[in-house]
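Here subunit A shows up in two complexes: once beside subunit B, once beside subunit C.
Then we have the complex of A and B:
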């Protein structure tokens, strides 16, 4: 096959993938106020964005929820991965893994609707608490998925050696197991963070009135039609995303070099 | 190791499973047997089998099928070319990056592009076809959904292609098979696990995209997801919403069985 067509096709796909994003960013500098005719360059939309305290509070809410839920779900997820790996029978292991994956494959609407019923029944007030609980809940399985392979590839001789040398159970956990699976824990925390930041559907169901995260706010803004504030916001979010990806990339790189005994 | 000491490991995790995996699923099933006034009833299930809901379910299926189909058509060659590129890792990263951009912002971008005076219509006018209503049609719904799901289709197919041993392809070519014969008899069957994973990653979410139908299709398309959202958050008829959710879960399980079991049989 000629070299030309593959290249042309890939360029086409990349244009398709990126054109809408850049279209959005381009018009955030439009003084005209529409997303169809560019009249002149302006930074007004960004100024307006930073002057909007309500929006800043929403951003803060989103970040607090993301950090908090990622931290808690990382702890539960790591314990979960340990529980799975040390389950006494193969059957328990498989059952735990299947149950773990239910929330990963379930569509967001199902998770949202079922959590809404759950929170209403056990009496969690819809708002910050329900959103936080929901985010913790759907992030746990992702952390487990990221940590489990690390635990699986860890050789049991490491633990035997530690025990032979007189390490207590706590020592084994904190000085042998945890350092070994640290890259997995980081990856899990990071994934949980991005899932939480990005989630719309589940939050939309359990948020009630009065509490909003960024995704839900974007949805209600977008339903009202085009306002270039949203464009300015998305430009900032896109830059933030690139920043996160690069950060993640470097964390992975560093871990590969420094982690003890990583085989890959 | 003593069993007692081990207890603390699994308590939080098992609590999580009980509270957020098992309980919600049971609650969904439980609620599907109650009507608006809280009386036990099978009416919701009877309702689901009336033409109104069946047509909706079928059209939702049809749209999900179209979305998955177009995703596959676009994603497979892209994944194939990426695996054969010198800059494999970079291109892969570039494919993944858009999937991290908030889904709603991507949909919002199309509100501008597909609007009456937007880029798509300007393009149509330059080509000579002339401007038309694009936004709030089923075309726009399928297009935007395909756009959103493409990375999720490319990724598993890429992984499958990347693992494929090139010696098999050389062997097939050496033995005189044409490119298409090699593709149909060797490459595609050996990467079908990736295709299945991709189909799974696209089809189920495509059935449940309620925000897309609201933003892009202007309520002209109603998916199962839209119906669930409508019942839970607008009409407050949780029973009916739960019934549709039960069916969505059943479809999901069927999909998982169909796309999951034969992973080893192929090789």
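Then we have the complex of A and C:
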């Protein structure tokens, strides 16, 4: 009995979190056309979805932006985290970390609006480039935050040992530090990826000239009530995410086994 | 390190692969650089088939972008960095954009199809002589009610004050709409600036509060659709859309008079392809095109000739095409100036805070 309540509570919380998603997925099979009553099973919305090239292009654009911005911001973020950790004075370090955190907590709307102003002043045409730049910019602090703890937990004796054994500075970086913080880098990459995929506020300001991402498009569609092919699309994206998470889990599982010994 | 490099290369490969796919899709849908036209319109406010047809007829590639509020559209255009050739703002926004010099004047001689537009909808106070804008759709503000819940017939604003509607009315969260309704119910103009009349209207609205369930924004659609309230104050566009989905809803333009609104096509200063913008506007004014578009969107068309081509039951529907007699009592919002607008907002705020 003592175990019953915690478990029931856990189940309750998960139902609460997942119910809206499943509700939405359920209605993507509704032939009725609205979310108010379920009339019958149909796959029409999925057919319509794949026939709609415009929406498909938007989905692909969203993914492309997410991949590029996550990759670039991971590189910048890792370098940033290294710079922070090897800052000479403690006070600089704290200042840099705080500045980084400010970017994470500051409202998206303000970041988006300032990007819009910046881009128009320096003459960047709104579109793919502006969205990509904005996404990279807001993802970097997140990567830094994900990588920093790994760097902090790394013992400095590792580096001393490497240096003793004659490793150059580049060797130390590529053969000691980076392998050690790899899990942090991956975590940062995936965080950046999800942030970019679901960002609305910043993207809203910097899209234009025919380029748009999924969240902005769905928001515009909502003015006349969301058609059920958006449900169908969300269902596919949700399944895709689940698939990614499972895949990531297995990759990690495999790595844990092989990573017991010394890394190359 | 090796693992990281592999991962990076994999990510880049996938990304470039997708980019190629996008390119391929763009090409297959005929999207190439060169003769393009960027249209900036409300979400789902055009029949997509018509865009295809326009592309086929003219060889101009249309980039169609959507916005969800006049303010959002204005920001994008004001900031520059965009190349919208045609946009579709509402009337008060046209006035604002005109004042800020964001619009190109429109040369009527380049729009032969303009003659099909009903003269009632031309030369209105927000754009005298239609120098900057061409009517796209129009509509009214009125009462949407649920016939399952409302047994008596509603014909006027004053019907809303009946005690039987206690806690059953949804209002739009808009100062002009609500204060305008108060003024209309007293028989005043909804552009009234007489302080005494305004105070009277506010006092009258205060007595309506026991009947008001909520003051909401776009959620009103969902709430009415789910039978959450008996009565809603809505724009006719919202009404026609909901009535198409549900049989138990009915719309009425109150007999005391109401607001007449417009969404018009304009050529903003961001336009790059003005030639194409003119041919697009002219295309949309074509009676046959306008008729098809109207049947798809469900709003009221200002195109006189298009009405002749449309099914009788739509055109004869007085709820959406009010009789001349009724139209005479409809008014367009005039720009009252920032001070008066602030006063309206303040009255509306006080009304919202009024205790039941």
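By our rule, the second predicted complex is superposed on the first by the 229 of 264 C-alpha atoms of A that agree within 3 Å, B and C clash if a C-alpha of one lies under 4 Å from a C-alpha of the other, contacts with A are read in each partner's own complex, and residues count from 1 in each chain.
By definition in this document, a residue touches a chain if its C-beta (ideal position, glycine included) is under 8 Å from a C-beta of that chain, and two chains touch if they have at least 3 such contacts.
Since the structure is predicted, the reported quantities are computational estimates derived from the model, not experimental observations.
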item: Subunit A as common anchor, with subunit B and subunit C clashing or fitting; value: clash
item: Subunit B versus subunit C as contact partner of A:219, first or second or both or neither; value: both
item: Contacts of A:67 with subunit B and subunit C, given as first, second, both or neither; value: second
item: Which superposed partner A:42 touches (first subunit B, second subunit C, both, neither); value: neither
item: Touched partner set for A:80, first subunit B, second subunit C, both or neither; value: first
item: First, second, both or neither for A:210, with subunit B first and subunit C second; value: second
item: Subunit C versus subunit B, contacts on subunit A by residue; value: B
item: Which superposed partner A:125 touches (first subunit B, second subunit C, both, neither); value: second
item: Touched partner set for A:116, first subunit B, second subunit C, both or neither; value: both
item: Touched partner set for A:18, first subunit B, second subunit C, both or neither; value: first
item: Colliding region between subunit B and subunit C, picked from 224-232, 242-250, 296-304 or 314-322 after the shared-chain fit; value: 224-232
item: Residues of subunit A at both interfaces, subunit B in one complex, subunit C in the other; value: 34, 36, 75, 116-117, 204, 219, 222-223, 225
item: Contact set on subunit B toward subunit A in their complex; value: 1, 5-6, 9-10, 12-14, 16-17, 19-25, 27-28, 31, 74, 77-78, 81-82, 84-85, 91, 93-95, 97-98, 100-113, 115-119, 122, 147, 150-151, 179, 200, 204-205, 207-208, 210-211, 214-215, 224-225, 228-229, 232-233, 238, 241-242, 245, 248-249, 252, 256
item: Residues of subunit A defined as touching subunit C within the complex; value: 33-34, 36, 53-54, 56-57, 60-61, 63-64, 67-68, 70-71, 75, 116-117, 119-120, 123-126, 130, 174-175, 178-179, 182, 185-186, 189, 204, 208-210, 212, 217, 219-225, 264
item: Subunit A-touching residues of subunit C, taken from the complex the two chains share; value: 1-4, 7-8, 11-12, 14-15, 18-19, 21-22, 25-26, 28-29, 38, 42-45, 63-68, 72, 75-76, 79-83, 218, 221-222, 225-226, 241, 245
item: Complex contacts: residues of subunit A adjacent to subunit B; value: 1, 6-7, 9-10, 13-14, 16-18, 20-21, 23-24, 27, 34-37, 75-77, 79-80, 82-83, 86, 96, 99-100, 102-103, 105-118, 121, 137-138, 140, 169, 194, 198, 200-201, 204-205, 214-215, 218-219, 222-223, 225-226, 230, 234, 237-238, 241-242, 244-245, 249
